[in-house]
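Next up, some structures in structure tokens.
What follows is chain A paired twice: with chain B in the first complex and chain C in the second.
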Partner chain A sequence: MGDTNSNNGNNTNTNNKKPEWLQQYDLLGKIGEGTYGLVFLARIKSSTNRGKSIAIKKFKQSKDGDGVSPTAIREIMLLREISHENVVKLVNVHINHVDMSLYLAFDYAEHDLYEIIRHHRDKVNQSISQYTVKSFLWQLLNGLNYLHSNWIIHRDLKPSNILVMGEGDEQGVVKIADFGLARIYQAPLKSLSDNGVVVTIWYRAPELLLGAKHYTSAVDMWAVGCIFAELLTLKPLFQGAEVKATPNPFQLDQLDKIFKVLGHPTLEKWPTLANLPHWQQDVQHIQGHKYDNTGLNTVVHLPIKSPAYDLLSRMLEYDPRKRISAAQALEHEYFRNDPLPGRNALVSPNDKAVNYPTRPVDRTTDFEGTTSLQPSQPVSSGNAVSGNIPGAHGGTLRSGPRQMPVGGMQRMQPQAMQAFNNLASQPGMGSGMNPGGIPMQRGLPNQGHQQQQVRRKDTGMGMSGYPPQQKSRR
Partner chain B sequence: MGISDTPFSPRNLLCQENPDACFKEQQQEEKEDDPCLFSESEDEYYIQCLLHRETTAFGSKSCCASTTTSSSLKRVRLDCIEWIFNTRASLDFRFLTAYLSVTYFDRFFSKKPLGDWMIWAIRLLSLACFSLAAKMEQSTVTPLSAYKLQEYDFDNQQIQRAELLVLSTLEWKMGSITPFSYMSYFINKFCGESKPEGLCSRVAELFMAVTKEINLTDHRPSIIAAAAVLVAIDSQLTKEAVELRISPIALWGSQENEHIFSCYNMMQDIEKRIVKTPASVVPPHSAAGTRRRLNFNEQHCPVKRIHRS
Partner chain C sequence: MAANFWTSSHYKQLLDQEEVDVVHPLDKEKGITLEDFKHIKMHMANYIWKLAQHVKVRQRVVATAVTYMRRVYTRKSMTEYDPRLVAPTCLYLASKAEESTVQARLLVFYLKKLYTDEKYRYDRYEIKDILEMEMKILEALNYYLVVFHPYRALSQLLQDANLNDISMTQLTWGLLNDTYKMDLILVHAPHLIALACIYIASVLREKDTTAWFEELRVDMNVVKNISMEILDFYENHRMITDDRIIAAFSKLNLKP
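Right, the complex of A and B next:
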């Protein structure tokens, strides 16, 4: 795959001719559908990577009048700058110049934790092996540590966003996906509901539920704790009923579920609790209600003295400042005891491998989102889509390529604008995303994690050199 | 908005230690969470990382090489910047948003030279740079129809097309570092405990003014930031005094120190013009864009400049 994200507009003017970029793929069908658009499974035709599976995420057109969607810009920007074995890899960005839609091509992952958990719970009725749980968790933390070291908070970790590679070189490798809500710490943040985004609340940290406006990386660690517990029990740990209202409704039931298991948070253990808006406002419900501490150990069936329980309870620490970080978690005793975590989480040295089902493919939907035979059905339940789309809310998509009107401009000759359009859609105008060589822009001194997979372009401030030498590389 | 949320070091040192009125809004927001999420060493670490990214982005390019452009193209660039600044003011966007727009603009035209484009296309692209910067930095999405150019009327699809061209030309690397990233760090380093009142607004004003003088792809943001903070603190420093101030900050080599001083000199001149030229006597479209006092929105940066001679 080379520089193919810009295609020549001339080839896309007719309905029956595929744009050039699309001709390099064999489209197999739709594998997911969500708030942000559709996800397709495709295979590469070119000889170099023939047959390689690619997940192609089509961004929905943003609301007319807003231009390129900020979500798309942020997600692509982040994905362009990150490179880690445990983070999903963006291999190409395609612009369909006819309708200006964006398609992101990712390495395809056959499985995700949502489907794996569901398979164990509903199909085989058997827990996930200790080795597999530990390997999933270690790799998830390893990817997250990389993101956090780069000041990126994911904000929407949940089982369906944690992908697992199927057969091949990378079998059983975990990939964190869906950066649609991810932010660099310093970027302006607004509450998730302000974005008009529906995010499941089951993995949401208590400080956010209580109305904190500032996110820290600790919100991701809370979600990891919830996912860890779910891997152990095959059930969501805190399954609250969501209040659907805008803006930013108070999710009392979710907090209630948490308090029932972990007990009431106290100012003694969590001093900044007093400053959180909902804690102050909703005295009657939150502070007034008394909870018996059911005990996390009884819910997850772990002995209190076990390293697994210790790690889990540190991830589910109420006070975000005391909550364990990804870097600290990777050093936890849990990962040093047998069975040791491995790269192929699916195939344990001792256990028999579980055959997980492959993702269902809806072969009736084309790249435009139009169905050829029948109305499309969501291909999988819940939000289990590989292309990392939260929620399962479909939406209308443009139904076919069409000629872009060129009118509406005053004091400008139509042919002049046409020239601009042609320029804009010339092949090779920038953004060749050479898939193998996306340089790590922020080659950060890593906080010392083994198996760091970052391919750095240079080593001026490499991992060994912290604190970095004062003279920066020139 | 406005300047109140421009510095974005992980720990907003300035905000905690000196409740400058500029930062009131942010301070109130900080209250609910603990502001001490980041330690001093994490700040240093953050700055090191920024510098590293900066080095990667600027590569081996000499810091003070100046991109040569004809005066007519400079005029076009200045017109675009004027439009960006005025639109920022009228929409009440952050200064950072405007600065970032100019960064995108300069990065774009460093890859596709200005001379290759017709004026209307340059104006359209500058509008796209601004709308993209707003999408990156503003917390609410502004409809494209809010961005109006006087001379041309572009529809949404044309703007979106231009946005896509900018995005792909910049290879979607929209997280450009700006001097604002370093502002609170340097203010803290150079001032210690005694921060003059209104310092951050003066520094921001210099950041904005300097965009009209230089091509932002020629100067590293950290150097612009250091020079601007020094000028805002004291615009009468000798070369030795500048060196003395920057020597404890072990971030640069001797070459960069040299660049800081030349940047300092340039900003001294800007500072003189800003102080000398009251806004009212300058016609709105004066030939030299720098002569006009920036259209700062005082209500969002309530600290008045203290009069300096």
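Right, the complex of A and C next:
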């Protein structure tokens, strides 16, 4: 991965002198834009993967003269370690030493759930087939289960971050995208609105809205529940109006939207509720409202007894500790009933395929992000540019590229990641006393180790060691 | 990033000692021996530690920075990748990767401040040099940034062995810090390095850990070999004088 020759990169503005790494692609145009940079669509020229589409995310240089943004570092770091069919694949990293810009190349996905939902709602005016909804959901959970078992929380799951592959080998396969733009999430929530970054609040779990300091993978499951409902009804489930103040304003309206549908949370159902900052502080407003009719089934038009409703209500469980996990959800009855979920979520044996529009490509923007493409830049005309609503929900412009979804993932807990956590083989450990989760088994035959004896005792070992109580350990 | 060391890029990238002990042809041309190579890396590790104390980052950031530095020199020459720039830049990159970003400005400030007691002119570089080197290091690391360190395993193993008193904790922690003066982190799984530190410490402190070690499913030969390497290092360490390091640096003939 990466290329070492890019420092003879020359001026990227000059068409003939494109940096070497860029010459392996035909740049088609811009498909997205966000706080952190631009996203381009390109095709591979090389004979092996000829014509394969690639999405290239260019990170802006940081303005404060502080090199590669920590956000980009975190995204790269994470994506280099993970590999799963339902997680977007990082195929290359490129550096342009001339202007110190960084590019991440991903397998391109033609669709995403945001566009698919919108297409059904606004264009074909017909719900998404049961098979497709179930297949999307299953694959989303499958990818999420992989991430969660690797102690990664996405933290910004929303329809526009759930990609779906277009025509090709992987048609209809779901890919979770947008990792690592999560530096700002390090201190949970605090930074959601810092830096003016707009992140939709509609998929945010109630514990976060109520100011929980620590969050768990359950926040992603809440978002999955919201997405599930949206796939069924084609409308966002909890469409609260965002309070745009910094930092981290209290989102009363969003909570109110949730309470209206799910009823008011109670201490019996959610004991730790009492500890949440906003619950304590804002007694009149939150605790003042009283909704107790749970109308979820009527909102999503599902019979209370149906497996789909059961699964959904377990995802939308108030208490994060009781909320269903991705692993449990994959085992749910819903996925064992007909129609069974499939790999190609778009085409089922029984339904006729829906033709979803392709992404609009802004062909006037080159990698510099501002100038026009050189005339000789190969611009394929194959892509139909169909109307996509770009960016955030709530009806922004119809033309132009979408806002690059921000937010992303981060490890569950910094400390928890530090070493070998308990995912690795526990078998044989019995007691659960696996130090560091190191896969070592007890009670196996001694491997030739008889008596400990170190050859010599060094007296003046010059151990300049830094004892643990130094503050640097913090 | 994954929580599982055995599926991590760190595990897949572990090298044999012979692969680590290769002096780059460009450095060889200048007369750099394997000894020189090791001494310079050790000096850099010390320097990174010193710098880290000033910018106040956790031990883990230091350990990651030193690991990056050692990985870089399995692929790149010191002639082309000036140690005096690579050392602070690795700390800079590690601080981002470990979520405790240090500003380049601050690093450069301390590079200059530390100069007074450094003989090797770490101070000649400016912010823009660090930013340029950051990208070159990212490339040299092939964008693999997750490093697993033995510290967490160490404290958990000590606890498991019921050896987590202050004396043992301090001794093993110190031993472990010193292992970063060697290339062990490139060669061995972190928990084995932690076990070697416990092994040495338990002998020094005359703790009987035989039974405990026997219960672990680890290859004790590897643990013992690592222990020997650490002890060899201490023995040789006394012979590494400033003069020898200056001599090694001067062979590189770096710009003043």
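Note that the second predicted complex is superposed on the first by the 340 of 474 C-alpha atoms of A that agree within 3 Å, B and C clash if a C-alpha of one lies under 4 Å from a C-alpha of the other, contacts with A are read in each partner's own complex, and residues count from 1 in each chain.
Here is the rule we use: contacts are C-beta pairs under 8 Å (C-beta built on N, C-alpha and C of every residue); 3 or more make two chains touch, one makes a residue touch a chain.
Note that the structure is predicted; figures quoted are calculated from it, not measured.
With both structures placed on the common chain, the touch criterion links A:R321 to chain B but leaves chain C unconnected.
By the touch criterion stated above, A:I304 is placed in contact with neither chain B nor chain C.
In the superposed pair of complexes, A:K213 makes contact with chain B only, with no contact to chain C.
Touch criterion not met for A:V243: it reaches neither chain B nor chain C. With both structures placed on the common chain, the touch criterion links A:V93 to chain B and to chain C.
Once chain A of one complex is fitted onto chain A of the other, the partner contacts of A:W151 extend to both chain B and chain C. Of the two partner chains placed by superposition, A:V124 touches none, neither chain B nor chain C. In the superposition on chain A, contact is made by A:I82 with chain C only, not with chain B. Counting contacts by the rule stated earlier, residues 65-68, 70, 73-74, 76-77, 80-81, 93, 95, 97, 100, 151, 186, 411, 416-417, 420-421, 423-424, 433, 439, 441-444, 457-458, 460-461, 466-468, 470, 472-474 of chain A appear in both its interface with chain B and its interface with chain C. Looking at the complex, you find that chain A touches chain B at residues 5-6, 64-68, 70, 73-74, 76-77, 80-81, 93, 95, 97, 100, 151, 184-190, 194, 207, 211-214, 216, 272, 275-277, 320-321, 404-405, 407-412, 416-417, 420-421, 423-424, 429-433, 439, 441-445, 457-458, 460-461, 466-468, 470-474.
Residues 5, 8-10, 29-34, 37, 44-46, 48-49, 51-53, 55-57, 60, 111, 118, 120-121, 124, 128, 131-132, 135-141, 143-145, 151-165, 167-175, 181, 250-253, 255 of chain B are the ones touching chain A in the complex. Chain A meets chain C in the complex at residues 1-4, 7, 65-68, 70, 73-74, 76-78, 80-82, 93, 95, 97, 100, 102, 149-152, 183, 186, 411, 414, 416-424, 428, 433, 435-444, 446-449, 451-458, 460-470, 472-474.
Contacts from chain C toward chain A in the complex involve residues 1-6, 8-9, 49, 52-53, 56-60, 62, 92-93, 96-97, 99, 101, 103-105, 127, 130-132, 134-136, 138-139, 142-146, 148-153, 156-157, 159-160, 169-171, 173-178, 190-191, 194, 199-200, 202-204, 208-210, 213-221, 224, 227-228, 231, 234-235, 237-238.
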